[in-house]
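Two complexes, one shared chain (chain A), two partners (chain B, chain C).
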Partner chain A sequence: MKKWMPYLLVSPYLLHFSVFVAFPVVFSVVLTFHSWNIISPMKYVGLANYRHLIHDRLFWQAVWNTVRFLIVHIPLQILVALTLAELLNRTVRGASFFRAAFFLPVIVSGVVVTILWQQLLSYNSGILNRLLTTVGMARVAWLDDPAVAMYSIAVMATWKNVGLYIILFLVGLQSVPVQLYEAADLEGATNWQKFRYITLPMINPTIFTVVVLSTIGGFSLFVEPYIMTEGGPMNTTLSAVMYIYRQAFQYYHMGYSATLGFCFALIILFVVIIQRRYVEQEV
Partner chain B sequence: MAEVILRHIAKAYDKGTNVIKDVNIDIKDREFVVLVGPSGCGKSTLLRMIAGLEEITDGDLLLDGQRINDLPPKDRDIAMVFQNYALYPHMTVYDNMAFGLKLRNMPKDEIRKRVMQAAKILDIENLIDRKPKDMSGGQRQRVAIGRAIVRNPKVFLFDEPLSNLDAKLRGQTRIELQKLHRELLTTMIYVTHDQIEAMTLGDRIVVLRSGDVMQFDTPLKLYNQPANLFVAGFIGTPPMNFLAGQIVRKDSTLCFLSKQKTLTLPLTDTGHEQSLKTYEGEEVIMGLRAEDISVSLIETNQTLYVTTIQVVEHMGSEVLAYFTIEEQRFVAKLSGDTLLEFGQSVYVGWNLGKAHFFDAKTELAIR
Partner chain C sequence: MLQTILKYSLLVLAALSFIYPFIWMLSASLSSESSLGELTLLPVDFTWNNYVTVFTKIPLDRAFLNSALVAVLTTGLVLLSGAMVGYALARLDFVGKNIIFYLIIFTMTLPFQITLIPNYITMVKLGWVDTYLALIVPFALNSLSVLLFRQAFQSLPQALIDAARIDGAGELRIIFQVLIPNIFPTVLTITILTFMGLWNEALWPLIVIRDESTMTMPQLVTLFSVGGRAEGQLGVKIAAAVMLAIPIVVLYLFFQKHFIRSMASSGLKD
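Moving on to the complex of A and B:
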């Protein structure tokens, strides 16, 4: 084979990588030191963008909103996915039907799901509120109450993604050797003790994967609030990514938007490192 | 006291396959009983039924006179050592052994005492803080046994515990298990497919085949008085040699008539006289242990056949010689200094007084 042949073979990937991954990353870091509105030429501003960011209360609120979302979303995701996986792991009638049914929302477009849920949670005509009024309870402003809206979105996101995590947990559960449960049976463990002392520690790596995946997924929260609430009410559902998007494509503050994105990426990295430390101690 | 009695025990799966058929076994207190048989004979299933991990379809399982068919595993006071050890990988040796006791809310001091005591018996005190992944197969094996010991159960069950160990370690552990049985003085039920393990460990052995008990007896009885063709062929290495034929009377003496020979039976030695008489004219199978066959390079007064050596295996202390007699593969066990080579012509004979006879139809021993 010619010497240049391997290079030729990897060149399509390298080209794609350089244009769509490496260049944007490098360019956005360069952007953080500039002011640029796409039309006029870039202007070097030094650390001005970073100084601005530190005092930008809206950005920190968006980060906090995202964290609030994660605090509800991650435990809920694990709880629901693990419970359903446990149930599906038994020999239940129609298990494969349920498996498919739970997975369906994962492959449906996020926009479609969000619009469906918007209808479902609508204050006046939503099914949920109608059910509440039927049983004599007051309506809830699921998407309009600043104290509730973000949590409604968290529940919806859980519903959308739970199928994926059920599959992950099922794989984890099925990798636990049956003999461990049999040994525990003989030692007198109850179902709960078996779950607590065998299942949970054995699927710890799966739990970590789920936490990391849903953390990263949660940090990139965008479609749901963009369509359902547009960040409202009172910016309580404004997610970090949405704010970055606004800065870039509504206000054309490209340099500042890049700065936000860069800092936000650092925050995510920091969180994942902490999670990893914690899990490594456990295992 | 721990007496285990199986009365008409049977197991069938939904589709009507009987994996265990009417098993009757009485295991005495402190007895070491081995369940042995080829793959798929139901030995592990039977053990798991005693443990409570498999449902019993029919019959009674009695522990000290109490029927325990419907008791959950934890209430049976039985401990089991699994083939792949089934240690909890995320726990240390100490925690693995203490787990069952913690679940029973035993005081910490007592747990510590019991675990350390078991660790001492098994010589694993120095491993107490390790996790299973940091130990060898033999060490894991000990921990698995330790986990059973600490609970001080009425009955120990072993499911092929040595099958994952190398040959040398298997031999050592066999000896240690015997020692352990003497020290603990507890009823033990042990499953294996290895008949050497069965012969060396068991006070008594249950030979199983397709869910049926073929024979339940002491190792020596199994070897010397196999109840049927299956046991005769299964117990003993190398396996017993078989030759089909007929019992006939010739000049008022009983003879074994094979395809090629008519062999006079020296009935005075065998004690088979009365029973063999009734088989006159019937098809039978003669069985001969490898050590009861003589092979020599010169003709002797025992010589019955002339044949050619096909394979010679030098085991050191003994030599196994393989050849064909009446189209049947035969093996003879000879002393280690016998010099034989492939292709040599040899004179083969045997002492008919040592022969076993089986009914060709029922395969039962004729005694």
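Moving on to the complex of A and C:
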């Protein structure tokens, strides 16, 4: 083998990394100190973008919207996924059918799921409101009420992703040694005690994975609010990526948009690190 | 006994809530606009009108071909580049190997929000906006696939490589003719993950493609849905969404287990 062979083999990686990872990371930092609309020359503005960001009501609105999304999305996701995984983990006929069914929304595009739910949640003709009125309850403005819209999207996102987390929990549950449960049975432990003191600590890493992936997902929302509500009503569903997109491609504020991207990325990394700390303490 | 009934009713209820909306979607797309809010299994007032309308308003056939072309070509490139880099990392010794490994981990933890705008500017400066290159090249190599290949190659016995070397095989032949056939599950996993990701991706095409004849399916359906061209008709939006879903759902019906296993392995990587 020639000495340069390994380098030839990894050259696609080095090229790709330089152009699509290293350069953009460095350039993103450079951009945050500039004002630029792509056409005219870049203008150095010092910390102006960051100062603007701190006072930008819409930036904080996007952060707050994401927090509200996650407050509903994460617990709901864990609750539903863990319940269904727990059921599947017992001897179940047709387990592979159920698994395949739960997984269906995971594989289709968010675009499809959003268009589907837009119809289910529509105020006048949506199926959910029809069901509500049939049982004599009032219609809910799932997508038009500023206090409700983001939570509707959170429920939809749970429906879309939960199949994946069911599988992850199932893998986690199956890795718990049976002897632990047998020992607990001998001690006369209740089902709840077995779940609380054996299952839960053993699947803690999986819970961490779910929390991290959901957090990243929350900050990556785009097509869901874009199609469903276009960020409305009153920007209550404006997501982080939608705001980056709006600043860059509606207003051509490339410098400010890069600043948004940079700060959202820092927030994501910060939240994930905190979550990891917390999980390590628990174990 | 009671527990068993409870268990199965919960599972069946859950399964219905994941499957029925798709069935409803299909039948709604074949129903007349006025019967849309109804809970049905079969179309009400059967009509092809929604599909006819979609095709007269947007070039969905062209978008389908674009999506297929981009997804197939890019998946091929991901397999090619992933196998080469993964093999070098798994089986060869060279200076800088560890650095590359850490760079890959770094890339995987890097939120895409930070690279989105600079990458768009790169596309502008390269003159790739509105070309297939913008849809293919940035995705032609992927860190997860490199790691999966590395892991798979590490699990193979050295004797396999030694025997091939004695026969005078070069490294590329060793990778693609001798080793790849032994790690078919990994190849399938990467193929599924990459193809599915590309088929469903809407954000990046929305950023780099403005010309309708180069648009991918999810992008075109998104723009159709938010723009005024659906003229407030829900049936046509749903028909467009059904056509976007069909190819991947058909693949899923054939490769169910592999889809689930692949996605699970990508989730557990983090």
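Quick notes on this one:
Convention: the second predicted complex is superposed on the first by the 283 of 283 C-alpha atoms of A that agree within 3 Å, B and C clash if a C-alpha of one lies under 4 Å from a C-alpha of the other, contacts with A are read in each partner's own complex, and residues count from 1 in each chain.
What we mean here is this: a residue touches a chain if its C-beta (ideal position, glycine included) is under 8 Å from a C-beta of that chain, and two chains touch if they have at least 3 such contacts.
Note that the coordinates shown come from a computational prediction; the quantities given were computed from them, not determined experimentally.
In the superposed model, A:Glu230 lies in contact with chain C only, and not with chain B.
Legend: residue contacts after superposition of the two complexes on their common chain; A:Gly218 is shown touching neither chain B nor chain C.
When the two complexes are overlaid on their common chain A, residue A:Gln179 makes contact with chain B while staying clear of chain C.
Looking at the shared chain after the overlay, A:Met254 reaches chain C, while chain B stays out of its contact range.
Measured by the number of chain A residues touched, the leading partner among chain B and chain C is C.
Judged by the touch definition given at the top, the superposed model places A:Ile198 against chain B, while chain C stays out of reach. Overlaid on A, the two complexes show chain B and chain C touching no common residue of chain A.
Those residues of chain C that touch chain A in the complex are listed here as 7-8, 10-11, 14-15, 17-19, 21-22, 24-25, 28, 36-39, 81, 84-85, 87-89, 92-94, 97, 100, 103-104, 106-107, 109-122, 124, 138, 140-141, 146, 165, 171, 196, 199-200, 202-203, 206-207, 218, 221-222, 225-226, 234, 237-238, 240-242, 244-245, 248-249, 252, 256-257, 259-260, 263-264, 267-268, 270. Listing the residues of chain A that touch chain B in their complex gives 177, 179-180, 182-189, 193, 197-198, 201-202, 204, 283.
Those residues of chain B that touch chain A in the shared complex are 51-53, 72-76, 78-80, 82, 84, 86, 88-90, 99-100, 103-104, 147, 151. Partner chain C is touched in their complex by these residues of chain A: 1, 5-7, 9-10, 12-14, 16-17, 19-21, 23-25, 27-28, 31, 38, 83-84, 87-88, 90, 92, 96-112, 115-116, 118-120, 122, 124-127, 130, 159, 163-165, 167-168, 171, 209, 212-213, 216, 219-220, 222-223, 226-227, 230, 240-241, 244-245, 248-249, 254, 257-258, 260-262, 264-265, 268-269.
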